[in-house]
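So that you can tell them apart, the chains are marked A, B and C in the order they are listed, and the count of residues begins at 1 in each.
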């Protein structure tokens, strides 16, 4: 029952803080949610040891959910190495962020609501990662979307936060349509939606075709592409990524928890969880690789020019998610999850440290107005270094192990898409290092660019915020080294067991261990080069960036405006939709509906209603008479329709 | 046979005629009296069918108790006939129309009488034959055995009717003098009689 | 032989014994014993419930087919007992406050419940009639229970006169059926009709006209249009707990009886009665939706709402299939919980010890009493049939059954009228959540009310999570009815 407790404790916390927040007060809500999550995290460690290390994989059924016709579903907790890893990552990071939020949100006026949302999110995320069937996964999927919507729009009095929340919700819907269609397709094809039953039947379906929107095609490929579209929406991959940077309108702990460490990785998790299906759909895997690699590069280029500290990290998240996807695309699923885990630590660390900076700078997020504060907030500065080193992939920090493994696997896959991903990944690694140090240098070094009042007020964050930072920093340093052997090294077969499936010909990780030395070295070289360039541009020659911008102004603007994706979508989708809506409103709503549609019907209904209630006169003999008329009418009706 | 037939049409015709008069009579007391006449004729029909027990019960219960009670109530209430007539006349056309439609339909139904074949066998002959067993006894035999469930259910209905009547009408009013028998018997001389010495020439 | 019969009617026997014993207790102890009589009655109902549910083997016919105990009867009786017990608990404080607490009230409710159980188990036109009368007579009296209140007595009298008229129709229909078929037993009727069907003959017109009269009498009891006219006046006039009782248990019993009569002996004549039920059902749904819109009194509104709901339930019956019966059972079960909860809310509408019945009195309830507003909103959404609340599933099953039987018009009218009906349910939600609050209601409402409110609310809200017990039970009940 431990696993059930892990999933339900956060829900209990959310309910207590949400419904009884006024009763138990701010302190009570903080205490309850943090303690319950802490407990959940401790239990997750127990489960991790039991399941991932000792191999007790199992499915615990909580209750029967739907039993209707062919569809039979249970609410269950599926425990294998994959879900144990995810449980551990989600609960530990979530606990740390809860604690951090105590300090960060101390001055907010609706603290219990915030903590209730955070815990609710954690519950949905846990339901997602422990799902043993598609429908429960979809429930968790939509649940985290909901919680994300609530949290992005947490400061609902800011119009920009509301707009960002709605944008996130809508863009995610586009992906969810794909996901839902994919689930339906699975049900049509297999007749079941339980993972184990579906996976068991996959190999028999490898050559089945079916017709989708009039096109006959390979069934598994169609399904997997649809499912991947869902993953693209949630994990902000190229095309459906536009919501993620805007989502930074939410409070910083939310960005750290949802939009860096956990929710956005749900897409990666989904692809890995469904590896037995993707393995039989090579075309879908290629698509995953191309999209992932393109996203990794695209987001990294945009991050080069952004000036908002949180947006830089957001684009970096987007880019790192691209890495995870192309790792999954070349069948290096375990490398994808490995990077997911290390990334969760250092990206949460970076976000929280950025939050600490913002906190120190009196809610300033623009890096151009920072600088020269590294002496004032030494702890934050230190952990930011750790996070950046991990992100850039400098040994022995966590990111080095996972990112290198991914690039090696991409090269080792020895296929066109693998090479494509490899070279784009290498280029992105260079940019990653560059923008990380750009961020670090612009924020902490150089001349103070903020006004004196702000500078006078710069202070280190309270302990309650620093301690989670330090814990995460430890994770960002050691997670890669500690996990390497089990996740992707020699021990990986014993570690993962049946949680992921890789067909014999596709084992990119094994191939990745035997690549030429230059392949192993080049990411590191690139990272160091990136750091060096950033150092030159922002420390030694502070005038260089401006000169460079002047030289390649169109390119700079192109990147600064995020490749004009938002403008493009605005022109293609938003404006036509709005003008269509306006037209429909004027001609359809105004003329038709208000005239003869619902409003007309409503008016007619009201007059009918008046007449109907006027029938009720209150006179007994009227009533008796109505009954007699009724019986006579029924008999006449019967006689005329049946006999006559 | 001919006598029986004549008697049947006499009773049946009288029943219908007096039923019409119950509705049509101007004076409510007359209506009740016609109702009693209708009961008597129905009893006659029962006798013709050999159901003498039902006939007697009808007379005793409906004529002796129910109708007489009606009569008392009608006499005690002051019913304004003119007012009722007004409403009656107002709805007469449409009411009559519905009534006629219903009547025509029922006649049509009776005209198309196709009883299920087995029906005649079941309903034609009373069981057991009245020549062998008096029907009081026959009723008694099934009432407490085969139909004990219905009998008990009827008993409960009567109990509820009694409770209902008491609940809705019984009240204890203040200021109403009641006879208290125990109080009367328990009265002692000392409680009610007091002897006073009356002095001379000053009165009581 | 008789012992077997008595074992089969054990729940009814217990209830009758309980009622008479408590009657004697009340007579000797006077009105101050009412609370204890009431609580004992509730306890007794619980015992009867336990006996009913925990004896799965005690099925069969008793008294030569006069009384039928099958899975269907057990399920519907369980619902009736829940409804009776819940409304009985809800009425205690009301009558205490009105100082009109008299021990006959729980006794009459017990007798009414007994009548309902007998109706549900009726296996013969005679036992049908006696059960119906036992129930109705008790209801007439408790409708007029506040005899010093003009509206209450008026309600009782109207109900009584119209009820007598409907009984007359029912008896007339029963006598026609007897005249044409020669028997009153459901089993024998079914056998006779089956022979007719096998012979390929059309049923006698007289038989079906008799059935129409019988249906008219039953339709009066479930308050289906055009035999509904008593409902708004009686609901409004009767004391509120009595209205709550009227809206729950008797409706279920009458609907169960309706189902048993038309699906049992007349099951082979679906083609004959289907069109009549379609007409009644459409008329009920439409009138229930339309006439409720203009109401300002919430009890009157609930009357029209119940007329509409009966219309929806009859949609399932009109389908005339096992799926249809299943739909009716599910619908009535959900209806029971929604109505118990809603009336519990209405009973909590009290300001300075004055009961309120105006819909406008609910304005701004979400601010003064958020829990009650939330629960009431759940019931309103459920009644409007908005997923994922239970009311939606009730409608879904009956409409599906209708569509399977090819009654498309009926299903379309049903959906349209539920859209219209949603208007007045949602208006209440709007009043509670978006209007300026008036004075708040009296607090606290009492522990038993909170339990009933939360229990019914949870049942409606969580139905879609745990639908299996109800759906499976209803499926078994429907199968048992059609098998027997």
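Everything that follows uses one rule, which is that a residue touches a chain if its C-beta (ideal position, glycine included) is under 8 Å from a C-beta of that chain, and two chains touch if they have at least 3 such contacts.
Owing to the predicted nature of the structure, the values given are computational and were not obtained by experimental measurement.
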*If you tally the C-beta contacts for B-C and for A-B, which one comes out higher?*
B-C
_By mean Cα position, the chain sitting nearest the middle_ = C
*Measure off the straight-line distance from the CA centroid of chain A to the CA centroid of chain C, and report it in whole Å.*
50
*asked:* Quick check: how many Å separate the C-alpha centres of chain B and chain C?
replied: 32
*asked:* From the mean C-alpha coordinate of chain A to that of chain B, what's the distance rounded to whole Å?
replied: 81
*Identify all positions of chain A at which a residue touches two or more other chains, and write them in rising order.*
629, 631, 635, 639
*At least two other chains touched by the same residue of chain B: list those residues.*
105, 108
*What are the residue numbers in chain C that touch two or more other chains?*
205, 209
_Which residues of chain B touch chain C once you look at their complex with the stated criterion?_
105-106, 108-110, 112-116, 118-123, 146-150, 152-154, 156-157, 159-161, 163-164, 166-168
*asked:* So in the complex, the part of chain A that touches chain C is made up of which residues?
replied: 63-65, 67, 605-606, 608-610, 612-613, 615-616, 618, 620, 622-624, 626-627, 629-631, 633-635, 637-639, 641-643
_Could you list, by residue number, the parts of chain A that touch chain B in their complex?_
621, 625, 628-629, 631-632, 635-636, 639
*Within their complex, state which residues of chain C touch chain B.*
5, 9, 16, 20, 23, 62-64, 66-67, 102, 104, 107-108, 111, 114, 118, 126-127, 130-131, 133-134, 137-138, 140-141, 144-145, 147, 156, 179-183, 192, 195-196, 204-206, 209
_Residue numbers of chain B touching chain A in their complex, please._
87, 91, 95, 98, 101-102, 105, 108
